[in-house]
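To keep things simple, chains are lettered A, B, C and D as they appear, and every chain counts its residues starting from 1.
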Amino acid sequence: MSREAPEGYLGSEARISSGPAPELVEAGYALELADAPLLHHGLGLADLAHVLALHEAGVLPVEHSAVLVPALLEILDTPADAFPYDPAYGDAYNSRERELERRLGTVAGWLHTGRTRREAGRIAFRLAMRDRLLDLHEALTRFVIALAGQADEHATSVWADTTYLQPAQPSTFGHYLGGFGEEATRHLDRIEQAFRWADRSPAGVGGVGGSRVPLDRDRLSELLGFAGPGAHTRDVMWAVDGLADAVTAAAQAATSVDRLAEDLEIFASPNFGYVTLDASMCRASVLMPQKRNPYALAVIRSGAGTLVGRATGLLVTQRTPSARTDNWLHAYGEVAGSLDLATRLVALGAEVVRTLVVDRDALAAAAGAHFTGAADLAEELVLRTGLDYRSAYRVVGHAVAAAMQDARSSLTAEDLTRAAAELLDRSIEVTPELVDAASDPARIVAGRTALGGSSPDRVREHGQALTRRAERATQWRSERRAHAAETEQNLVATAKTLTADVE
Amino acid sequence: MSREAPEGYLGSEARISSGPAPELVEAGYALELADAPLLHHGLGLADLAHVLALHEAGVLPVEHSAVLVPALLEILDTPADAFPYDPAYGDAYNSRERELERRLGTVAGWLHTGRTRREAGRIAFRLAMRDRLLDLHEALTRFVIALAGQADEHATSVWADTTYLQPAQPSTFGHYLGGFGEEATRHLDRIEQAFRWADRSPAGVGGVGGSRVPLDRDRLSELLGFAGPGAHTRDVMWAVDGLADAVTAAAQAATSVDRLAEDLEIFASPNFGYVTLDASMCRASVLMPQKRNPYALAVIRSGAGTLVGRATGLLVTQRTPSARTDNWLHAYGEVAGSLDLATRLVALGAEVVRTLVVDRDALAAAAGAHFTGAADLAEELVLRTGLDYRSAYRVVGHAVAAAMQDARSSLTAEDLTRAAAELLDRSIEVTPELVDAASDPARIVAGRTALGGSSPDRVREHGQALTRRAERATQWRSERRAHAAETEQNLVATAKTLTADVE
Amino acid sequence: MSREAPEGYLGSEARISSGPAPELVEAGYALELADAPLLHHGLGLADLAHVLALHEAGVLPVEHSAVLVPALLEILDTPADAFPYDPAYGDAYNSRERELERRLGTVAGWLHTGRTRREAGRIAFRLAMRDRLLDLHEALTRFVIALAGQADEHATSVWADTTYLQPAQPSTFGHYLGGFGEEATRHLDRIEQAFRWADRSPAGVGGVGGSRVPLDRDRLSELLGFAGPGAHTRDVMWAVDGLADAVTAAAQAATSVDRLAEDLEIFASPNFGYVTLDASMCRASVLMPQKRNPYALAVIRSGAGTLVGRATGLLVTQRTPSARTDNWLHAYGEVAGSLDLATRLVALGAEVVRTLVVDRDALAAAAGAHFTGAADLAEELVLRTGLDYRSAYRVVGHAVAAAMQDARSSLTAEDLTRAAAELLDRSIEVTPELVDAASDPARIVAGRTALGGSSPDRVREHGQALTRRAERATQWRSERRAHAAETEQNLVATAKTLTADVE
Amino acid sequence: MSREAPEGYLGSEARISSGPAPELVEAGYALELADAPLLHHGLGLADLAHVLALHEAGVLPVEHSAVLVPALLEILDTPADAFPYDPAYGDAYNSRERELERRLGTVAGWLHTGRTRREAGRIAFRLAMRDRLLDLHEALTRFVIALAGQADEHATSVWADTTYLQPAQPSTFGHYLGGFGEEATRHLDRIEQAFRWADRSPAGVGGVGGSRVPLDRDRLSELLGFAGPGAHTRDVMWAVDGLADAVTAAAQAATSVDRLAEDLEIFASPNFGYVTLDASMCRASVLMPQKRNPYALAVIRSGAGTLVGRATGLLVTQRTPSARTDNWLHAYGEVAGSLDLATRLVALGAEVVRTLVVDRDALAAAAGAHFTGAADLAEELVLRTGLDYRSAYRVVGHAVAAAMQDARSSLTAEDLTRAAAELLDRSIEVTPELVDAASDPARIVAGRTALGGSSPDRVREHGQALTRRAERATQWRSERRAHAAETEQNLVATAKTLTADVE
């Protein structure tokens, strides 16, 4: 039954007497190799740092590093799709190993001193994960900025806020939009938290408990630009909790945009007519020439739902005995793919918001209809007539019902006095001014001055807070990107010095 | 803000004044276009059938069909990767529309009579889904056959079945394996059920409620090789419940293999030593030369966990208002990808089982240790001495505890009589023969003759039932594949006749 | 560290030297005991059937069964909440064991001959699961009937069907509703399929591979009213795949109702005004007296989302090594709770539909607006003028855009001829009659006569098919309920005969 | 069709003409009312704080507060199960409203001034959520402490760490356990983060955008003991992202314990024999008297899997348009139940670890077998002979294979020199001392001194870090609990002053 192993297939030199079955290549190696583009650059950095650490530990003779480093630098400069990756040999690491051996002969064998395939992969993955988290962070920042801008723009645009999609009370559309911004700032926090997890170095852990080869974990962390080495070698190698954090955060971020998209799809229907999506966010029908479909919103919602499944998958695969590999085999691709998907969705959401056209008149018309001032009226009755709220509520409710019976869409002072007399057998004084003060949407929202409320000033104030948060986010991200770039330059420069020393 | 639309972009001629934003292309069209390889062939068949139906309805003039058909046949013969698909135009349908127009001019416009882009996509997808369901069905059949074979092979291999991974009672390893086969037969049922859903034709539904163009839905179904048209046009166009069925079935199938893999990973550890995986299922470590890792099992388990997330994602995206598209945008890729993944996992599982080496001696040693005959002993005391079971249980438990105290691994008749005397103050007659009859694993399992039980005969009988089910599965699958192939030949032949008529 | 065990705690007589820790009672036994009300009746039946089987096998002496049976019948007649269940002893089975021993002494010990606690639990659970599946089946049947009724009622009520919530083409509201009915019939199929799984008997499997005690599995299955014994003893004892089927089916059923509810929540908004929910489905606000919230719809949607989580949980816990118990510990409660939840949601959905008030005028107004006849117009141009569809589409799209520019909401023959001239440089003949035939919603839908289409006749025909399916469902359910009731009577009667024989 | 409403049913005085349908009570109100025990105390506090805020705003006349406050204090002292909650009236708030009106008459109506039912519920829920997060935090702290203790205890217990459950390299069992502790400290971080979300006050938001009633949100937050008011009123009322955080954190915490439990279930099998669970964590079989089932581990794993479903459910129900209620209807119960479940599981896990008996000899035996020193040997060859690692690896692998062929379980210096000669055609110098230094597990682990590595000193050092983290956690929790208790005392005291003022 022995299958021939391809030349250079590692197993064939270990205790494994045949090559992999085609079913194994297809289900296993091909799966892992699909991550090669994701890991390629990071594997290059990990290899360089490892060689430097071996060199600095006095383990790797300088004549060998002088051969290894140039070859590694050359591979670092090779794009992933120009490198001969091949699932017949296993994962990306295996293909690299074989190619290096092909180029350099046995000196390539030094690279594996004191390090597992897994360690190299984990380093590369964490670097890739950090990049993708920053991309999502950037899209979220744009989303916050777009919302802050539109919230400011519509700080005075009254509308009827709803529950159950039934008109509730007058509010401002800027307030409505600002709430999504507030939620989005928490997604920034989550992404920053997930970044911290990814930013611990798994380098220098040997088999898993450390190594007899004297590798300096602090130095390796510095060379690779991590914030520091993970505190426990087995944990930093195997723990997957940060993956679920990242993907859950991505799913939650997408879900926020989804929720807004779901609202907007309704608001964009002709029956509502509150908003119009920019043409660049729409799609035509091939059958129905009159259609203008808000396609971007469906794209967002579809992706968000799919991401919930991705997050679940991560949580599911976490649940396995320790050090079994299965929780990691799909993880690289799933995490990276999920972060990419979320980034695309959030970026699209930011563009939807930025280019959104809002029909203030349609909003205002709805705000003034459907008795949305009813609760304000009842409150005003409490404040002015000494009625308890429940009684005031009944009075207004009775008046509303009566007005609807007459097909009227607003109340008069008489409606209320009559209702009070009928229901409570009590006479209350209601002026037309009172009714107006509690019916005009603009006057109503002007009084919503509680912290974080819907009055124009509060909405603008909150929009500014969103903007400041976005500025801090931009600053934070820039620092991290700059640090990663500098680290990489330093690593390459240090490696070249090493070669130069020999020459 | 207007973005330039690429030439031939549909929106630009409808009510949409600009091309799509890059964010929309990236998040939406690119996503949809990624399904082009999946849908390419089916779209070709759908186009042909639609042209035939228009022709047969007397709608499409024969001089136009004579131009359209050859072009469509040419595209049908073009591999997907040789066709100029481009996300700038939208999904696969849009690219095809534009290419056909480029080749034929306005005559290409006939193709869209009475049909939406969605209908063509749904037809192509259901055809692709059917194919993938058959592939998974085939892998499952191989899994059942492999299990039936090993069950038969190990119908007499005694082992200690466990609960909580603690030895419970003697059984046969063939019985253990046969149980997985039984479960797998239900997965065959599930796949067949999911196939039935996919096998209803969505062709000829017009916008969604039918069309003023007189298309014959029965004829279209026949031309495309479906079992029949869906009973309600809106339902057959939009309902996604069958997708969740398919992916849930795939996840459940993979989970069965996962469960076996989880067991085998433990049984393959040196501490158990029950089984050895074939070398073609194993992987070496680059650091530790002594290792021989049962890699295939981790691959299976990782994929199964991931599939649970996929199934969840499908269930999640189902939950949306009707006719909104978002539940379908990711669905083609997710369903096809999930079925492919499950097929790879099950095929790998079948190969793991087929090539599994079982150490009968190790199994037998464990079967004879750890007092696995204790319950049989207690039952034998009930059957022979008239003790109630609870008392017999206490007697045996007492004797076991005493033997363990003495570091003995088996019981004697005296142990039991002494325990009965001590615990129950009662004298019972226990012969060495009685102890032996209820301690020897082979004798114990020989008596497990209940229907579906672990005696060798019952195991073989059950294995034969599995084999018969696998044969029926093979037959069912062959018929469906043959029918699909014939249908396609007929469709192409009929289309050619049409052209010939003109010439 | 030894904790005192409560008297009668099983462990204390086995190899376990202390009672359970409070943490174990709280997290484990209390969890299991929470299922006592669910299992109580079935455990009573399982005990009776087991005693009968032991008797018929000649294992249980008649003088003991004469003592056991009356005690078991008495417990069968005791409501669950009147029975002294106590988590200190373990699960429901353990409490029953102890109580029986308290009442009868050692004769109670016969009950455990050849049977595990697990087997009794599984039997009781499958019986409870069958009942709950029938309840959900009944609610679904009512849902189908309500939809069939309203579909018939609104077979002629024209409305504008939508995609992306944008008006698409005229259709009938009865067609829209009938689509949900069609989907619901597949849920009936799923529930019936899940029932078949639950309807296999796990009785008589001994430890798990059968028993040396000669129990007749066919006879046990008959006594308990199952369709037959499971084909493999280990499989029927441990396999959980049917649980996921049941809960996934429940989640899918609830999701269908959710989807309708989501539509209706939009249609019930004043901006749409298509439907009004019955007052008995609504809820008031304590703050806003004018509100009338369609609360039932939110309840449905909330439950459906929750059920997706339940289904996922079942799929997740399936993924575990074999015979480890963890996949079953929460399963009884989760499955029963999920089926109950789904039943409540579907029953509520049925009532929402049955009492729904539809505003035909509002529907008709929307059907006639927004150029919903545009595709029909284009098709009519194809049919009458020989234009290809794409050209006709462009002509109509151009005319629509021009009309909107002029703030007109309908097209004239001139609009089309002018558009054709401008766009195609071609003269086409368009009569007012042609425009009218393709613009009037009622005339449009009258022509949608494709199988399952939206013409009134087709809608009524489909509604009748739904009704017939509902009738078959009712018949199927009645037979199963009658069989269960008869079986139970027979079991009790047979048990009493046994006692009588002795007296 | 009008159904009679129960007296005091709110709807009947609003625009809703009938009572709720039984289906609505069952699926909706009963669901909400099931949260009454959870919310009861917090609703009492919310009511008191609201009355105080109305009083301080000069809205509520002092003679009415003097009547309201004593009644509210009485209800606060009433246990939930002694309060007449009834689903016929709606949720807990509705029952309280009606009962207060029954007791006080119309003066009760003041309580609803400027506040929704929802606001009261949200306050009560966030208070309850905070409590439950602290309970889980406490259980996690105990889990960390137990692991730190056992890690210290087994800092020198060598064992064979594994991957794929195949022996990899010698390590220490304390190192293995410490890794779980490290992961658990991140769960503490997550719970603290979730607490911060719950700790923002939703009080004083009026309908949702603020109120014309001048309520002071800062003061309300202070009265209720929150860290501060939420920054945006609509967001703090409706956002659910913190719920998913909490439940995901709970699921992740449980999953960590699950992973350990999964390992321990294997390690506790007789085939491994590494650990023995305390009797108080085990369960007997009613059939098999020899069994001693590690029941606690199955309980943990079952709960963890179920929690993944709960977390998914939360993510799923998040995905809904804004302000629709459905995302909250199940949330109170699901979040509280999930946190309770996780607390029980983690507490059980802490107790499993604390009472775990580890067999050092069994661990050591395995550590010394299966050539676990192979990688160390290869590394030693690199360090001493100048071989590159790949060549050294091949040499050792060859020697291992040869030794296994001879059924030997250890290597000699000659094995290695011979392998080098055969494989590399090279002579290397290998001393017995070299072989011994790289074969003796204790010597190997002594050299694993990398940060966070498995050497005894490093393990103890890490254990101390865990202990310090646990101490900080305890401090943090105590402060929060003390703050909550003081706040409540102050609130009650302030309320009483108010009453006294009047008297």
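Methods note: a contact is a pair of C-beta atoms (placed from the backbone, for glycine too) under 8 Å apart; a residue touches a chain by one contact, two chains touch by 3 or more.
All figures in this text were calculated on a predicted structure; none of them were measured in a lab.
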item	value
Neighbouring chains common to chain B and chain C, by label	A, D
Which of A-D and C-D has more C-beta pairs touching across its chains	A-D
CA centroid of chain B to CA centroid of chain D, Å	34
Chain C-chain D separation of Cα centroids, rounded to whole Å	32
Centroid distance [mean C-alpha coordinates] between chain D and chain A, Å	23
Where chain D touches two or more other chains at once, by residue number	13-15, 112, 114, 162-165, 168-169, 206-207, 265-266, 285-293, 295, 298, 301, 305, 308, 311-312, 316, 319-320, 324-325, 375, 393-394, 397, 400
Touching residues on chain C, where the partner in the complex is chain A	162-169, 265-266, 268-272, 285-295, 297-298, 312, 316, 319, 366, 369-372, 374-375, 378, 393-394, 396-397, 400
Residues of chain A that touch chain D when the two form their complex	13-15, 59, 61, 64, 101, 106-114, 161-165, 168-169, 171-172, 175-176, 178-179, 182-183, 186-187, 190, 193, 197, 204-213, 215, 217-218, 229-236, 238-239, 241-242, 244-245, 248, 251-252, 255-256, 258-260, 262-263, 266, 301, 304-305, 308, 311-312, 315-316, 318-325, 375-376, 379-380, 382-383, 386, 388-394, 397, 400-401, 404, 438, 444-445, 447-455, 458, 462, 465
Contacting residues of chain C [partner chain D, same complex]	1-3, 10-11, 13-21, 23-24, 26-28, 31, 90, 93-94, 97, 112, 114-117, 206-207, 265, 278-293, 295-296, 298-303, 305-314, 316-317, 319-320, 324-330, 334, 344-345, 347-348, 350-351, 355
